[in-house]
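To start, I am sharing the structure in question, which I have written as structure tokens.
Each chain gets a letter, A, B, C and D, in the order it is written, and its residues are counted from 1.
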Amino acid sequence: MKIPGLILKQMYTFGSLENVEDGVRFSLKNRLSNATLTKLAEVRIDDRPVPLDHLTLEMNGDRVAASTVSPTSAIAFPLAKVVSIHARTEQLDKGQHEIALAFETTPFGNLSFKVKDAIAEKVKRTTVPHDKDNDYTPEMVKARQRFVEEYSGHKLQHIDKFSFDPTATKGNIENFTGVAQVPIGFAGPVRINGEHAQGEFIVPLATAEGTLVASYNRGMKVLNLSGGVICTVVGDSMQRAPVFVFENARHARDFVSWVDANMDTIRDEAEATSSVAKLVYIDRYLSNKLVFLRFNYTTGDAAGQNMVGRATFAACSWILENHDKIQHFYLESNFATDKKASQINIMRTRGKRVTAECTIPRDVLIQHMRVDPETLAYHANISNVGAFLSGANNNGAHSPNGITAMFIATGQDVANVSESSAGVVYTELTRENDLYISITVPSLIVATYGGGTGLPTQRECLEILGCYGRGKVNKLAEIIAGVVLAGEISLAAAISSLDWVSSHEQYGRNR
Amino acid sequence: MKIPGLILKQMYTFGSLENVEDGVRFSLKNRLSNATLTKLAEVRIDDRPVPLDHLTLEMNGDRVAASTVSPTSAIAFPLAKVVSIHARTEQLDKGQHEIALAFETTPFGNLSFKVKDAIAEKVKRTTVPHDKDNDYTPEMVKARQRFVEEYSGHKLQHIDKFSFDPTATKGNIENFTGVAQVPIGFAGPVRINGEHAQGEFIVPLATAEGTLVASYNRGMKVLNLSGGVICTVVGDSMQRAPVFVFENARHARDFVSWVDANMDTIRDEAEATSSVAKLVYIDRYLSNKLVFLRFNYTTGDAAGQNMVGRATFAACSWILENHDKIQHFYLESNFATDKKASQINIMRTRGKRVTAECTIPRDVLIQHMRVDPETLAYHANISNVGAFLSGANNNGAHSPNGITAMFIATGQDVANVSESSAGVVYTELTRENDLYISITVPSLIVATYGGGTGLPTQRECLEILGCYGRGKVNKLAEIIAGVVLAGEISLAAAISSLDWVSSHEQYGRNR
Amino acid sequence: MKIPGLILKQMYTFGSLENVEDGVRFSLKNRLSNATLTKLAEVRIDDRPVPLDHLTLEMNGDRVAASTVSPTSAIAFPLAKVVSIHARTEQLDKGQHEIALAFETTPFGNLSFKVKDAIAEKVKRTTVPHDKDNDYTPEMVKARQRFVEEYSGHKLQHIDKFSFDPTATKGNIENFTGVAQVPIGFAGPVRINGEHAQGEFIVPLATAEGTLVASYNRGMKVLNLSGGVICTVVGDSMQRAPVFVFENARHARDFVSWVDANMDTIRDEAEATSSVAKLVYIDRYLSNKLVFLRFNYTTGDAAGQNMVGRATFAACSWILENHDKIQHFYLESNFATDKKASQINIMRTRGKRVTAECTIPRDVLIQHMRVDPETLAYHANISNVGAFLSGANNNGAHSPNGITAMFIATGQDVANVSESSAGVVYTELTRENDLYISITVPSLIVATYGGGTGLPTQRECLEILGCYGRGKVNKLAEIIAGVVLAGEISLAAAISSLDWVSSHEQYGRNR
Amino acid sequence: MKIPGLILKQMYTFGSLENVEDGVRFSLKNRLSNATLTKLAEVRIDDRPVPLDHLTLEMNGDRVAASTVSPTSAIAFPLAKVVSIHARTEQLDKGQHEIALAFETTPFGNLSFKVKDAIAEKVKRTTVPHDKDNDYTPEMVKARQRFVEEYSGHKLQHIDKFSFDPTATKGNIENFTGVAQVPIGFAGPVRINGEHAQGEFIVPLATAEGTLVASYNRGMKVLNLSGGVICTVVGDSMQRAPVFVFENARHARDFVSWVDANMDTIRDEAEATSSVAKLVYIDRYLSNKLVFLRFNYTTGDAAGQNMVGRATFAACSWILENHDKIQHFYLESNFATDKKASQINIMRTRGKRVTAECTIPRDVLIQHMRVDPETLAYHANISNVGAFLSGANNNGAHSPNGITAMFIATGQDVANVSESSAGVVYTELTRENDLYISITVPSLIVATYGGGTGLPTQRECLEILGCYGRGKVNKLAEIIAGVVLAGEISLAAAISSLDWVSSHEQYGRNR
């Protein structure tokens, strides 16, 4: 199996070139595919060979003299693992150095390549206290709190108050020092007629924006009086979008055919990285000599951005091994479009695509919102022009308000409000002159498992909604969509009936 | 002064039509302009006149018999105030009723109009406990906590733990029940070379996304080694965008000329509502028979959405009084574009437009990020194609990650991540083959005063940054921009050097 | 086979309700599917029955008494055919009337429905002379020329001069009166290294914009000196995008699954309408209770908009017959997006997606364009920001100039410049500091057969390019792309080197 | 007056470095500002000085020995003029050479700089016959026709037939060889109720798309029956958008303030270049270290792209002379956005912003279009969703069809269909259930003077419309808008009533 040189270099990454007590150490990470190291043939530093018996390999804490590695005494070198190579030699100057390596592997045969890496200047700087191994102990947290107090001259009174063991934040944050306490108000109950969420729910909204809870509450009342809100998840997709660069567009186009022909294998490689992620399809976008592949997965109850990153990387590793015309490769190309509002998210879904809809009887609208369906539909028609001219990603009123408040409360990745801010509102007068109103949130990124969902208050909010853990993500998506529609009705009615400014005044604002 | 009927109806809003013990009550809100009520001439309900001596007016708690109102015993009726009218008469059936009113005012003379309002059916529903007058007492908070526990069957252990008096949340939230505790980690220090922020800052990041703090920290190190990050606020603008509907496009166009001719008065009316908001200019967008006016303000240290809502409403009230061809008016048109990602925000600023930039010496990049400037610039060139094809609002890597984490920590309106997610990254190789990299965040909505900034943990984070209160908002904007650039460098380098997936693996994820 | 009433009404269209000498006539068009009419059971006009023996059917000029129609004396009633029904009865008043029809068919059984149609008021207006049957005779053309002269008071001297028999324009234009003579200049030869176009071509450009031909010529010289331009068609797709409205989103989503399950039949129905159109795939976009299906076809050497309209209509006819939850259906939804610039066209191709690319040796660029590769790449980097901020559909210089000039010359549908204006330019400095430059035109709509390609001068231009007729469309697409790249190089170099304004001055302008 | 070196180099452009019989010649173009050359101090080629008495200057055909130039025998060197410098010296090798120049001027004092230019290799290539001085003679046209015939092996029968003297095309095209004959059909008359166009007009449509003329004709009938179409030009603006690069964002922002402070002078400089162009305002867009200035002009009856290019260049010349922090400057930045569909054009106008509107009585619509207002409005509501999701620049049906056909007929720059394709359709049911329908074309680029408007057939069409020449451009814009609305009604009704496909079938297509 032949590996193109350029790819090879990308596939094995050096890291941590450093001077150590008795020489030099650097590491080699396998990004290629599972392999077995059957011989370390040569190591040259700045073109000077290092004798084999000066070399030691270390993997998972075990040390092996390089000279002992052989086909019958091989080292397993699986994907994503790191081998450290220790060379007894003179120390290197600060700056860049070239390291040449040759070794033998199964099944890839002889591999040899050169890379440049640098000895970094040790820089002393003030940093936030951090302990690589035990960073979540009460002591370390305390140490950081003291550091913050001393650095800022500000005595902590609030952010250091939290109700859980810091260890709970491991994997969710580095340098954990305390918490932001974001007020939660409950709205509802709201009746959700979903496929997964059925019944009435009280909704935790974490926000500091006065009137928000009251406004959503008002909309929920109208939804309930209309028999509840129908919520449906109509799409589900999480993406990672690598880019491949070719010599020219023709190679690029042919590569896409090759991907089609090898789809089953690519899927297998991707799905081997996770028991959850399923590769549904790959969108391909050809431009110039570039191929953007947008991998679309379902990811169970996780939001899945990391899961699909790993899966796509594995698939691309296989692609890079097996296609010989790729000149450059990057795992991301701005086509995902992670943490971005984009037309592609609106069109082609990111996370859940979920619709909430309701037909509000004319009388309910007039009595409780003091606006008639015609007026509200008239304003919707005009706002469509506004959204179109301004190039907005949402022709509705303010869906991100409710989404953000629920995201904070339930431990979602709040930065995904970028994508989740999109919305398509559609209203119709029925023949009976009632108001049909609906919103589709085309890129709602939610999880009920993983990420911040397991943090104490966040998990508690999910549990109040009956949405914590496995098999609950569509239920949560439905509830959020229903809440969003409540807010759309409330604000749209307020604008249409001119009550809008006053509601802010009545509830006041911290000024 | 003549008031067109259609506008008149909009200008005085009925509310709260309801049956009371001995008759009927409704309220009248002045949306027009300061006025004095010199006579209540006639009230008819469903075309039946109500004798004057059956009518009582109530304002600010004072009651006055309608028959006593006269030019010499007038009632001041200022803008935005509400008069309640109480009619001793038989109670009304559920459903819509027509009320006709005639009264005399100074300076608007005789006003008379009819409106329809409804007696709402009293609906009994389970609701979250709420006390209109004393909603932030420990007892009410406790009552809600119990309600939540009973409704959900879930015992609260975490969201009911907070370190402050619930009264602190008044004006920030309704139905306050507890808090979401969002982990804060500190990154930095980062050297900011701003006009307002000068020196090194440690940065509170509230997030549940593993690797985020570490990644920003890594970028800050590089910025510091490059001498710090230059941050500049280059634009400042908060909007409200009413829409006016005319008989045809010609009237619409002529209206815009009229607005130009009356700009000074319009500005005065707008600015009279606030000591802070300054109306800088009004953008006008003509389409069909619609005129969208996009009012652009500066709002001091507040984010200002409510402030500009009030100011624009006041300006529009004057416009509606003084222009006689307006057929419909709505205070918002989706042109603001509040809580939305939009092309107009990218182009024409919303909140602060702020740029962070840095020239990273080649060696610093190679030694600390293990990528050379050429590779990073090459990838940036390709991501531009990706962003362009996908219709993204951001050609960079992940600016919303840092923005959101700082927004939560510092009490910003997090739903504004919708707008604040936009970013324009620009990179250049210098002649010395160093890397110039910069990001402009064109619609960063921040405050150091008002909204959630005064909440205890949030204020604490602002104080750690030296950014709480008056005169600090540009400083905060600069720091956020600097942090954002750190994140761009860190992730761009990781993608370019392929280290990206592994960083997630090393720090782990809650799974 | 049951047909839902709503669909039935859509499926058979009345037309031409009119008073005739001895009664009333109207027509019935079959939009449903091939059927056989076995009995006309009942006709009611404004609820008054018309006796069967007063009714006559007419199809293709044959008349049949309604009473004679029976299973053994049936009338074939294929898709898209029209039956006229003549009722001896009193004449109808101007205005709307209701007609009820009941008839029996194979295979659809008994069908009955009511429709409203109107007797139009005969309006006398001046119109351009038109002869429904013989509109392309020299006499009719002359008659129109006289009419234009008399109506406008302007004697024709030029538009009435053309070199062909007017009959040649049949199917291309109604009311043919003369021609616009658009100047053609030739540029080139340009060396095209395509898969279909190989060699040097001289290029007819029909334009009135001074400097255009010279500018493209200049770029061609550089391409030739660089060995020619590599052109590749990387995508091919023509669309029609019907929309289906459902009761709610859940029905909408389930409909999509149903479409998937019936894909083979839908394809067969679509492809039965043409020997050329092939249905490649159907994109589906769900929003609210709407389903947008975007049918993607290949259409041989025709541009194919009409072909895919017919094919999609046939497919939808089958869908409408066989799915019982569709509430509304329109054959177009603005998702095609015919005659529109759109993000979806940029992303997902409309017409041909074609890339032209070239590596220009550094010396060639400097000597012939007086700009070095670095400067040009620097400007490209900046224009990317400009295109991104302004929301442009093209980050290049002026591709529509060349495209339009070739479209006019070669008989393309010039209104498709709307879509064809999109372009993605990508430049790179090679390691040798030469300039790689390429453009992808993602939605280039071209034909070498059908439409205006057969008109005399247009065909002549196609023949000069060796591109007339079957099997030539990719060749033409490649040539156009190559020409476009010539123009990009020429203008980009001019802007970068500041020669730009002067070239307009040197060649002058008609002022 | 100090000129920064970088700018100086840009301001004087070398060109045409070439070996001539007795030495070397190159030219120097003044791009800076009017100047007087009072001394040629030094010329060095590849660092070797050329004696002054070996140098001759040539301007406008006059030759002057360099040694004779002095303050009292100065050479006027106005903006945009070229001086050729002839050096008697040995010939230069192919490739790049450095030329250093020092001279004295009024008012800029001593100027000296170095540039690199190249001796281009003479390349022999086949080219289309061209005579720099007499290119429009019948002989040259004939020569080209023969060349085309020989090159292509195709005998010309049609494109060589035209009804005018080739000289008429001077300034409109280079290498004129013949014409494309595009069929013209007339539609109408249509009643236009504009401010400039009042009355009925018959409309020349140049197209090869069958059914187009018939479809527009059908819409015109409805407009006429509704009393005509109200057309209004509501905006007028032509742009050029230079970009300025600074050291950092702070300099960039300060530059904008400087531009504001110098607005009057900048306007004067711009307007000095033309008696027609008026600089209305400059939009500024700050991103990173870049400043995009979008100059907005009115340009009388010309489309004005060249006029505003010259004016903006003059203004920028003054800016470059007078501001000392500009590092790079390009006259165009993709912010214009010339020949591009863009959000900025939709929002902020390019060319004319023109609205056509009509209220169609219910009966007229039903009787003549066989669709009721509700159905058409319902479909419009759905198409808005389609346009929004697909990212289209037009939510209407097909405005570019009519625009393109009129552009070709009347000599517009047809490539501007790119911009002119945008449209905003807005429909409303009136209280009487009639249909209000309107379209705004926000970026319609038209001229009645200059460009192709003076070509024989094109001028004839303009004259038929009463729109040729000065003071007619708004009239033409109004007529085009009215025609466009006719087409919108016609196609929207056809789609809504399902007549659509059949109209293509009835009139047939060339297949």
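One rule holds in what follows: a residue touches a chain if its C-beta (ideal position, glycine included) is under 8 Å from a C-beta of that chain, and two chains touch if they have at least 3 such contacts.
Every value quoted in this text rests on a predicted model; they were computed, and no experiment measured them.
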If a chain touches chain C and chain D alike, it appears here: A, B
Chain whose mean Cα position lies farthest from chain B: C
Where chain A and chain D are represented by their mean Cα positions, the distance between them in whole Å: 45
Chain A and chain C, separation of their C-alpha mean positions in angstrom: 41
Residues within chain C bordering two or more other chains: 285, 287-288, 290, 343-344, 347, 378, 384-385, 387, 389-391, 395, 424, 426
Contact set on chain B toward chain C in their complex: 343, 346-347, 378, 381, 384-385, 387-391, 395, 424, 426, 428
Footprint of chain D on chain B - complex, ascending: 195, 230, 232, 234-235, 248-250, 252-253, 285-290, 343-344, 347-348, 353, 355, 357, 391, 424-426, 438-440, 442
